[in-house]
Each structure stands twice: as C-alpha cells, then as structure tokens.
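Next come two complexes built around subunit A: one with subunit B, the other with subunit C.
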Partner chain A sequence: MKMTKALLATTALTVAAGMASADGHMASEMTIVSWGGAYSNSQQKAYHDPYMEKTGVKVINDESSAEAVAKLRAMNEAGNVTWDVVDVVAADAIRLCDEGLAMEIDPDEHLAAAPDGTSAADDFGDLLVSDCFIPQIVYSTTFGYRTDMVGATAPTSVCAVFDTEAYPGKRSLEKRPINNMEWALICDGVAKDDVYDVLETAEGQQRALDKLGTIKDDVIWWSAGADTPQLLADGEVVMGSTYNGRLFSVIEEQKQPVAMLWDAQVFDLDGWIIPAGLSDERKARALDYIMFATDTQRLADQAKYISYGPARASSAPLVGQHADLGIDMAPHMPTDPNNAKNTFLYNYEFWADYRDDIDAKFQAWLAQ
Partner chain B sequence: MAALTPISRTPVSFYVPVVAAAGAVAGLFVGTAQGASLLGVVLGAVLLAAAAFVMTQIIKVESPSRWGLVVILAIVGFFLGGIPAMIIGGAFGWFFGWFSFWLYEGRYRARVAPYLTPGQVLWHFTFRVICGAILVFLITPILVVMPLSFNAEDFFTFTPEMLRFDPEGYSLKHYRDFLTNSDWQNALKNSVQIAPMATLLSVSFGTLAAIGLSQPHVPFRRAIMAILISPMIVPLIISAAGMYFFYSRIGLQGTYIGVVLAHAALGIPFVIITVTATLVGFDNSLTRAAANMGAGPVTTFFRVQMPLILPGVISGGLFAFITSFDEVVVVLFVGSAGQKTLPWQMFTGLREQISPTILAVATILVVVSIALLTVVEVLRRRSERLRGMSPA
Partner chain C sequence: MTDNTANTASDGPMLAADGTTLKSSLNRALRRQKLRALMLIAPLLIFVLLTFIAPIADMLFRSVENQIVSETLPRTTAALADWDATGDTAPPEPVFKDLYEDMFIAKERKLHTRLGSRLNYELTGVSSLFRKSGRKVEDMGEVYQDQFEDLNKFWKKGENWNVLMGTSSWLAAQNAWDKASKTAQPTLEIKPEIAALLPQTAQMFTLFAEFVQVDENDNLAKEDPWAIVYSALYDDLTAGANVAGYSGEGAAELQEAAAAVSSFETVDFTAAFTKIDKDWASVDVWRTLQVYSPEFTAGYFLNAVDMQKTIDGPEMRPENEQLYLKLFVRTLFMSLVITGSCILLGYPVGFILANLPARTANLLMILVLLPFWTSLLVRTSAWKVMLQQQGVVNDTLVWLGVVADDSRLALINNQTGTIIAMTHILLPFMILPLYSVMKTIPPSYLRAAKSLGATNWTAFWRVYFPQSVPGIGAGSILVFILSIGYYITPEIVGGTTGTFISNRIAYHISSSLNWGLAAALGAILLAVVLGLYWAYDRIVGIDNVKLGG
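== the complex of A and B ==
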C-alpha cells in the first residue's frame, strides 16, 4: 500500500522534526513583556538589540502588558512564572508590588548612576513611585483631532470634546473611567485642583458621568492604543484620546491630517518590574538587563524612535533627532514647555483607593 | 440548454415596473453612498425605467442600445466618483441592459418548465437571488481584506489613491514586513511546527479511539465517547484555563510539547467523529476474512481496514490541522511567548497595532488554504477515477 507507506514516512519525518525543534531553547533566553506596536519597536531598537549584541542573550517579546496583572496573578497561583521583565504602567506596578507579585529593586544598588555621578535614586527623583518600579518614560494621554474635519476654528481646549455643537462628529474615548472622569469635571466647571476632592463623593462621580452622558451617543469607546489612530485615519472620529506617542506616529510618520490637542494632557509613567519568585539565575539576568536598559544613554536613545520623555533627568539633554525622520524630538515630548502649558497629574493614591468602586459605576453607566 | 418554453415579448406594463423596482434597489445603494438614499431610490427607479422603455420601444435594436447604456452609466459614474465609480457604473449599465431585454423578450421564461404559474416563476428566480446574496454575504469580508493588504499606508483604510487605482496607493510593503519581520517569521515557524505534530497525535489517537469505540463489546461506550468529544463542547476558554493550571503543575506550560498536546486534545474529537462515521459503512466480515487467511490484527488494520476508512481519517486530520493552525485561545494560556503562533501574533497585532501586515498574512493563508483544498480535491477525484468509481 503506497498510500500507507507514504503516510508512515511523513509521520516519522514530522516526529523527528518536532523533537528536533523541541529542545535547544531556554538556555540563554529571556522573555520581556511589553505593549507591542511602535512602543515595542522603540524598545527593541534602543534596548533589546544592543543588549542581545552585548550579551548574546536572546530576547523574546511577549505583547501582554495589557493583562499583565491578571496573568502574573495566574502564574503565581500556578507556581510557574515564565516572564523575566515586564513593562507596566505605574498604577499596575503599585498593585503588583502591594500583592507581592513584583520584586523590590533598590535603585542605588541595581541601577546605573548618571554620567555626572548623580545617584540613580536622585536622577529618577519623584518618579520612583513604588519600590518595585523602575520608570522608563513619561507619556501622556491626550487628544488628537482631524484638521480637515474641525472647520475653521481648530480646538484649543479639552472641552471641545464635550462641545458637539461646535465640533460635530464622533469622538473616541478610552473605555475606562480614568482620565475621562477628570476631563468631564474640568469641563463641567470644576477647578483643576479640586477635581479629586469632587470625585471622592458619590455626587461628584455622578456629576462626571452626567457630563459624559451629554456626549455618550457620540462616543466610540476604545480599549487598545491603536484604536484611536485607526479611527482618526479613517475619519470615523473627529477627535479622540490616546497616548501621545501613537498620535506622533499618525502625524509625523504616517502623515495623516491630524493635530495634537495638548490641553489637559494627563501625565503617567511606564516602566519595568521584575516578577517575584524567579530563580537566582533568571533574577540576575533580569537585573542585569534593567541596569543596562535604564541607564542615561539608553533612555535617551528610546526617544529617537517614539515621542515619550525619558524618566531620568540626566537623559533629557541627550534627546536628539528621530532615527528615520531626522526631526528634533524635543518639541514632540509631552514634557516640552510648549506642550505642557496645561497638564494634569494622574493621582495614583486616589485611583488605588477608588478604582474598583468607580469602575463598577462606570461600567453600569456604559451598559445603560 | 435548449429553451423549454416558447417565449414571447412581454407588455410594457410588466417589464418597465420590474426594471424600475430593480433600479430603485440599485439607486438605494448609490444614493446612500452619496448621502441621499431617498433621492437615489426615486432617481434610480425613474431613470432606469425610462432607459428600459427607450431601449425596447424607441431604439428597438438590442446590441447598440445595451452598449449605449453601459457607456452612459459609465460616464455618469465617472462624474460622480472618478474611475472606480465609472467601472461600477459600466457594470450597472451592462446589468440593466441585459435585465431589460431579458424581461422584454420574455427570455426569463425560456428555461423554466412551461406549466409553472407566474408565482412559481417568480419564486424560481427569487430563490436564486437569495442564494446569491447569501454567498456574497459570506465571501465579502474575505474579499475586502485582499485589496486592503496592498495598502501603501499603515491603516485598514481604502485611501483615495487606492480608489483612484493610482499605483502610488498600493505597495507590497506589508508582505515584505511579514517576510522580514522576525516576530512574524517566528510565529510562522512555530505554527508550522506545532500544527503537523498536533494533527499527527490527533489522527493516531482519534482513529484508534474510533475503532475501539465501534466494537460492540466495549463497556460504557457512550460515556467514553462523550468524554472524548467534550473538548469540542466545553467552552474553549474553560478548557484553556484548566489546561493552564494543570500543565503548569506538571511542567508542560510554556513548552512546545504542552502546546502540541493541548492542540491534539482539541483535534481528537473531529477525528473520532469523522472516522466513526466512515466505520458505520465498514463491513466487519472483512477483518474476519483477513484473520481467516492468517493476517495478524496489525496487518489487518493497515492492509484492510485503514485503506477503507482513509477518507474519514484524512478529513478528520484536515479538521485537526485547521483547528491547531487557527487556534488562539488555548495557545495564549498554554504557550509562552516562545510558542507564539500565527493566530496569536495576529491577535496581539490587531489589539496593539492595527497593521495591514495582518491582512497580508490573512491573504496568504487564504490562498494557501484554497491551494490545499484544491490539491486534496484533485487527488480525491484522481483516486476515484483510478478505482473506476466515477464515470468521468
């Protein structure tokens, strides 16, 4: 039976090939978890590639940062942590640190000092918001708008988002209360300094939801950073919130008719954690990677590929030009004085205390 | 095919309103695209009814008047929306020219049985239109993806350049990205390593299980069958979470073998079902005859039973392969980044970075699947012909 023999031969070959590919991994690999997209690309070029060249360690990218907290919890429960270094936002890092899922890192012991000798702790300064968290970049969540869809007067205030008469059309907002509640209160007449005092009360939360309710029919809710750029490029929305680096890519790299509305941009931090419970060998390698990837030059290098501000004070003067476009990156940084005229600081403690409660209310309101 | 029914021309009061109705539907689409649905309906109905009347009653010569309509609608299309609209307009013109004369000359009657009532004739054609609409509905999402994968921009958007058929608007850069990007190449390599192994395990175990369960003397056959089929019925996310914790404990989570085993478990039910179905027609006296002539069970299996149930085994294997190749939920749990498969890469790509590289990959996969299915079908026909099972 020719057919049977052919099948058996294929079988044997497949088994052999499968076995051959199964071993030979693991020895010098590390899994680094990040957000994917342009952001992972910038890390690949600024950190991973030079690190692989220097040490020979193979970096495997996992784009799971969006569900890092849940996955780390599951890994911890299963007693099988497969990640070595994880890129998370500061709020997630604080949660992971509180739950004992991330290991504490002493900045002065494990991080490189600045070139002028300033200690790492001083160089990062206030941005070290958690004992487990090594900040990498300052990013902001802000709005972009279609220049060809806003008519003669381009919006200058974040309240344009709530003004459907002057700027008709859909807008995209993130499908979570953070930032949206604050913007709603500011545009409802609450002073910037009082926003979190108002938001502590049930009436204040209702007030924010009511303000959001005035545009609810015009909102497309996004959950991935890539959604708003796609919606803007399609002309599906007239304006939308997303991370400033994504908007930079839409405007400068993709040349779409989109402009930034920096008003009331919300600053946040993104950085590394190392999961707790790694073997000594993996822990040493993860720490070695972090020491390499967060030194002054490396952080400044990342800004060549994406418009996020480096977290070290000593990196700021080294920020140069975009690697491909050759434009100065400094004016595109959220921290640039021209962009940061009216900024809003994300309040970690407030959201750590009220997140669950307000999340529930927000989701219930969305479902109405 | 010869005409079944003698045909005769139909009265104006019949075919002009019918063309008008069809024109209204076409006008609805064009009008909606231009932002005025109602106007489109009215204009479509009036203009095409008038065109049908002019062609059949005033010009009366079929070929020139039909070509005239194609040209006129193409020009109208060009002024409404450039070259793409011109092509659509020409297609509309061709269709309505044909449709008008088809009705006017009574050709629609020619190929249906003479004894059908008008209502039955109407249903005859309505049925075909519904079937066609369902086909279009099924296949449009796949067809839309293909031109978008040649987009010169990094968005899922038909750019104005693309709609003008400007070569500037098209590029192969997303295909280049797929072929050069190490993430995509790793994912391809993983998929190609995992799916055949998982298929192999599913086919071996599934076939053995099906043969065993078709023996009447096996106790608790129905219960065992239900358990083996359960991965198909239990929600995938539940199996995946269960596998995650179980595999983590025994050190299989995040390994190549773990993913292969998980995918094999998902593929086994398909093999069991298809092989069981072919075994229903299997004559057990053949195995007894083989035994009678001195063949052992293994020889009997490979020489007698296997060739006869091979079609079921192969189609079960194909299902198992597709299951593993398309699977994203289980691999997200059981695999780690080192086992990232193509669907996983597409999933994260869609979520984090809406890049047309995904569409390029999808197009390649569609083409490969079509090629594979064609090959299988050609081989099947060839073997049937060789065995003399088919007159062709």
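== the complex of A and C ==
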C-alpha cells in the first residue's frame, strides 16, 4: 500500500514537473500513433523532427494505427486516453467520429491557411470527409504485376485480374470485400458511377461475388500490406493489389521486375485525428502540432520520402525529388494527372453502412 | 473442514488452557491458520482476479449487454413497447415525437451515431440513417421556437427562461456563479408551480440545464434553450395548462403565448422524419428498434450461431450469411487433426529421447527445445518460405521430379498449411509430457515381458504403451486446447479454408468493433472447451493425466 502511494506520488510529481516545464500551458510530451515502417519514417523526417526542433517537445512514437479504433475505444472506456494524435485511414476516422472518440476539428480555426491565403477548408476541399478528420495523404490501392510473367502484352486494365486465360497464374487480393467488390462489378460491366447503387442490393452483392468466384481458385488472399510486395518479389503471384507506396518501393527501391497498373485504382485518404477527452494542456499541444504538420510545405515535404500524394491542393506544386533516390516524385503520385486518368472514388458512407453486412456475406463465401 | 475437526470434541465440554471450550479454541487456531494461508496467496489471488478474471468477466458480459438502445432513446423505446410490430405500418405520430426528442438530446450529447453503429450490426443502413437524422433533427422543431420568438422577444433569451422556470434562490446563486472560480454550478431548481403547470416543459428544461451545467460546464445563465423546450412548451399549452392561475415571473408572456398557440403552425414529425429518409416510414427500422429495446439481449449469441432475432423469435440466417457454425466445426476438426499428427510425430521422438543414454538424449532435447525458444512469428513466416509454390519444398520436389513444374503443390494458404505449421509449432507441447512420462517407465518391464515370451510388438503394445497413455493424455489436452484458440498462425498461413473461429473473433474486436458478437463467440468457445474437458474427465479421467514423474 505504502509502495503504491509512493509510486503514485512520484508519478504525480514527474507529471507535474513535466507540465510545469511546458511553454505556456501546453504539454511537453506527446504520443503520436502511426503505421510504422517507411510511412512512420517519412512522418518522422517531414513532421516530427522539425516540430521537435522548433518547440523542444518530446514526441513518442507508437505504431498502433492498425488497431487504433479498438484501442481508442478501450482507452475511452477505461477513462485513460494516452494518445495525443493518431494517424488513421478516413474510414476509421469516420467511425471514431461516429462513436464520439475523436474530437471535432474546425479546419479554418485549427489548420493553417495556404501560402496564397486560401482557407484550409477550401485547400483540403472534398477531402475533409469527416468533422474529426484532418487529411494528410492521398493513397491508392492498385495493382502491380510481374513484367516477366505477363507475356508480350502487359495488362492495361484492371479487368486483367479476372482474365486468367490471358494472364494465367495466381493473383493476390485483400481478404475483405472493400475494393474487391467494386472491381468485380466494374469488370462485370457495371458503369463506374453505378457501382455503389448496384452493390446496395442483395443481387448486386451476389453478382460481385459470382464474378470474384470466377477467379476464386487463383487468388491468394492477403491481410497485411506487405504481403503482395513479397508475393510479387517471390514470383508467387503474377499480379496483386496493394497500396501504391508499397509498390513504389518494390519497383524503384528494390528494383524488382514489377510494374504498376494505374487503372480503376481506389483513391483513399489517410490523416490525423485527435482523441476526444484530452486534458486542456495536451489538447492545446495536439492542436499546435496538427497546425504545424498539415501546412502546405510540410505536406509536400512528406512526399520526398514516400510516394503518397499530399492532401492539400496547394502542396502539389511543391512536391520535389525523392530524398535518397533523387528521382522526381510527382509522376509517382496517385494524384498525378497521368496516373489519375481512370480512378475510382471510395464511398465512405456506403461502406460505413454496408461493411458488416457485406463482410459477413464475403467471409461466408470465402469459407465455402 | 473446520466442522469435521470440531465434531470429535462435540460430546463433552472439554476446556482449553485459557478456559474456553476446546472446540472454539481449535476453531480459532484453525481460522488463524487459514487466514495466514490466505494472506500468503493474497498477492497472487488479487493479481489473478484483477488481471485475468475481471477482464474476462467484463468482456463476456458484453455478449448480453444492450443498455445503449434504451439509454439513448428512452422515450421512443418505452412508447414502442405498445406498438404492434407484426403490422405493416410504422408507429403513430406520438412515437415520432418521442423519437424527435430522444434524437435531439442524443445528438447534443453526440450519442446518436454510436447507437447507429450498434444497430447497424442488426440492420444494414441504420448507421447512416442515424447520422443523417442527427444532422437534420436540430432544424426540425425550430418551427415552434421561431413562432414563440416572433410572438414575443421574451422567449429568445435564456435568462428570461431561467427567470420563468427557476426558483428565485437558485437564480440568485446562479447569477453569482463564476466559471473561473472552478466551483460546481448551483443545480437548477424548478419552481414547483411551474413544474405542476408545465410538466413537459419543466422536464425538457431540466434535461437542457443538466446538459449545459454538467456535460458542457457552461454558464446556464448565458445559454439559450434547445428547440425541444419550445416544442414541449407548445405541447403543454395546447394540452390546456391553466396559465391564468399562475402569477409568478413571466405570467404575462405565458398568458399571451397560451392565447396564441391555437393558431400556431404545427410540425408533423412523421413527415419530417420520412423526409430525411424514407426508411423511417418502413417497419424494418422500427422492428429492429423494438426487438433490441430490452437492456439485455440474446441477439449476439444468436448471431454467433448463425441465427437472428426477429419479431417472430429466433430464426436461421439466410444460407449465404451462415459462417460461424461452419467455423466452429472447422476449428474443432482441425484441432483434432493437429493433435493427432502431434501424437504420431511426437510419440517416437519421446520414446527415443527416453531410451537413449542421457548425454545423447540431452543433445536431442535441445533440438526439441530450440524451436520452442524461437519466436512464433519467425517460425510461422519460415513455413511460408518453405511451403509456398516457389518455395523450398516445392522446388525440391520439382528437382527430384516428383511433381511437374506447372503443377506445383498448394501447401500453403489452405488447411494443409495450417495443419503443417501448427503441428510443428505445438509439437514440443506433446513431446515434453510424453518424454517425462516415458522416462518413468522402467525398462526392466519390457525386458521382463520379452523374457516371458512376448514379441517386440506385444511387449510394446501390451506393456509399454498402456503406461505411456497418461503422457498422451496430457500432451493431447495441451495441444488441443492451445490449438483451438490459435490465432496468428492460421491468420498467416491459413488462407481462406484454414482459418479458425479465433480469426473472426479478432476481426470483430479490432476491425468491425462488434465486441458483443466477439464476446459471444468467445463465450461459446470457452463453453466448448470446458465441455470437452468435462467429457474427457468422464471418459478417460483427469487423474490419468500426468505432466511428469
């Protein structure tokens, strides 16, 4: 008992000391949660390091973004939120906002305006898909293929995935319905604009599953983003879906015989949220960080280290060369006009509603 | 135990040295001993209770918990209890009005989307329905607010409302309160005569005040009331509140309003909700709300066995959504196969280890233990490299000419992969108990059997094997129970046909956030394991299990 008291007292003292040394009334330490790997490195270099230099704040990295929603919910129930800023995909941000686990952000009050004076709300534009979400990068889920395994004619359309005659061999797809159902319908002749209308109906869902069923025996289902790059590098699959940044590193950094298929790639967003229920000091610090890390220059800086497009319109012209490879990054961005000729827009609202239902059907179908 | 010991002394009043009866003295000594024993195990007991039992109990409790519906929509769920769900018409207007009030408060407290995601597990589309309705519900009742405010500026200001509703002593305290002082705000006290005269208004205003004072900690004196307070006032006045008999503050304005309300434009809440989304007019949403109104539900457990709760009671889900029963059967079946292959592979190893000279046995033991000390993830990933189509095993087979290059074996991302990898990973759990039991079987028994004329096989089968059965039992229980809850290996090498029920539990915990369903699946899995353990005890007897010597 005494021990606990002593411990508690020490902790309280340490915390108090930490608080006292903060400039003004902001916390002097913050925990930032992200995905780890090359992605976290790019954030460390583009955001954390300059921010630490500027303010002297200590940034603690936590690589839990994959389970962020579940963990934040548990923290919230326990009444002890230990994270200050969390990097999540847009769909998770919507969910966190829905559950009241993320703080609502006013873009014009909390985010920096563009250098030319455009307000943050206009600069981010449609990408502000949730009240709690501050977009950071635009990424695509797209296909890569082995250049040495596809024969003379390289695939140019996403429907090559369903064409096992022209492109025999295994393909890797993510082990969840999202994106796969859309691609299946597009390749089954549904117009891009009608995909979600069709997918709303039970017949449409069955139709997508039937189309996926034509290649079911040829698919390796992945669940981690690193799977497809590995499978491609090993020659296990002839083509596979994954995030464009992963493919960039397979192609440009590891020089594997792999090429990118920019067709019907699904646009998605990744960005920050601030958990609800932070103390005033920590909230002020988190907001200060967000203001700094999502300004025009900083977002453009991140593209030096990883091939994801900055979420601000005003950042695009500032995207330069890769920090180590020295190649121009602009042509590798999912937002580049050459790559974005035929993109597919992910419908957040639809999946927020239908995810559980379609996933149940999808998993039952997989298990058959 | 205390009683048994004490019984021997019960026939005579034997006294101890201090004059008390021997019985009570003995009891006291025993009690002290027990207490001391309890104190000794207390740290462990508390640790286990806090870190193991309590979280599990808490998690399992979620499988039946359902208060969120009735807590978020208290009026609606109460009103819905009387609605006939078997008909094909949506509930009447009063229910919609209750829904408006509940939804308004839930929106202010930011609880409506949380309930939406909860109900979306049962009926697809409720999530966006609630989000959409929450966005528009604030404007819905403003018709009344606008009319009151147009009638008299008095109704615009929060401070006038405070004068009208609150007691004068409370009002004085509230006006004196300063947010910077960091003290608690004086809780609103409604005038008794107003509470009697305008019951609904008083109720809504109290809710509003509670929200401002407690949830937001804003100064009530500076906040303007919610739109639902105005609609409640409208209801009170049209219900024939006798305002003429009231003479306190705001009496004139009340009387003016009472005279005017009959000509007010009214709001049709049914139409207003249907305009937001036509789903409110369909019975499906309402049926779901009614079915999931109770505070506790069997819904999650029904989901976990591929059934669903409907107004007619539980029924099976459509064929193309049935998943969990199949997964439970598969998990049990594959765990049995893995246990079986562990016995087949582990028994000879255990036998050799137990019968070799100690030096060689120790060396071989290290080979058994080495993988045991390697990270689970590393071993599983290594199997991936070994088993994939361009992997070591297939390459070797092709090189040997056993299989053709274009028909390489599919050894991974299916059941085969899971069985191979898990057998390897769980093998030490079989070998170690087998070894420790076999070590205790005296070799002279085998020699004796042989000298009495038994063949090698008979000597082994009739003499040696029966004595090693407790080791098989212990190893099987360990391997089976470990594999039934295995998660990471099936996830990595299982593909679609080799995954277990635990992979779905993990999915519901971390991705779909349907913790209730995850808890129900976990509870069923726990029950199955306990049931099998009980059956094992009945058939084989748990006394026959030996983990060593």
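Just so it is clear, the second predicted complex is superposed on the first by the 340 of 368 C-alpha atoms of A that agree within 3 Å, B and C clash if a C-alpha of one lies under 4 Å from a C-alpha of the other, contacts with A are read in each partner's own complex, and residues count from 1 in each chain.
Assume a residue touches a chain if its C-beta (ideal position, glycine included) is under 8 Å from a C-beta of that chain, and two chains touch if they have at least 3 such contacts.
These numbers come from a predicted model, not from an experiment.
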item: Partner chain(s) touched by A:226 [first = subunit B, second = subunit C, both, neither]; value: first
item: Contacts of A:37 with subunit B and subunit C, given as first, second, both or neither; value: first
item: Partner chain(s) touched by A:116 [first = subunit B, second = subunit C, both, neither]; value: neither
item: First (subunit B), second (subunit C), both or neither touched by A:175; value: second
item: Partner chain in contact with A:165 - subunit B first, subunit C second, else both or neither; value: neither
item: Touched partner set for A:366, first subunit B, second subunit C, both or neither; value: second
item: Subunit B versus subunit C as contact partner of A:100, first or second or both or neither; value: second
item: Touched partner set for A:234, first subunit B, second subunit C, both or neither; value: both
item: Contact residues common to both interfaces of subunit A (with subunit B and with subunit C); value: 66, 234
item: List of subunit A residues in touch with subunit B within their complex; value: 1, 3-4, 11, 14-15, 17-18, 21-22, 25, 29, 31, 33, 35-38, 40, 60-64, 66, 74-75, 77-80, 82, 224-227, 229-230, 233-234, 254
item: List of subunit A residues in touch with subunit C within their complex; value: 66-67, 69-70, 73, 95, 97-100, 170, 175, 206, 220-221, 223, 234-236, 349, 352-357, 359-361, 363-367
item: Touching residues (chain side subunit C, partner subunit A) in the complex; value: 110-111, 113-114, 116-117, 120-121, 124-128, 131, 320-323, 326-327, 330, 388-390, 413, 491, 495-497, 499, 504, 509-514
item: Interfacial residue positions of subunit B with respect to subunit A in the complex; value: 153-157, 183, 193, 196-197, 200, 244-245, 248-249, 251, 253-257, 260, 302-303, 306-307, 310, 336-338, 340, 348-349, 351-354
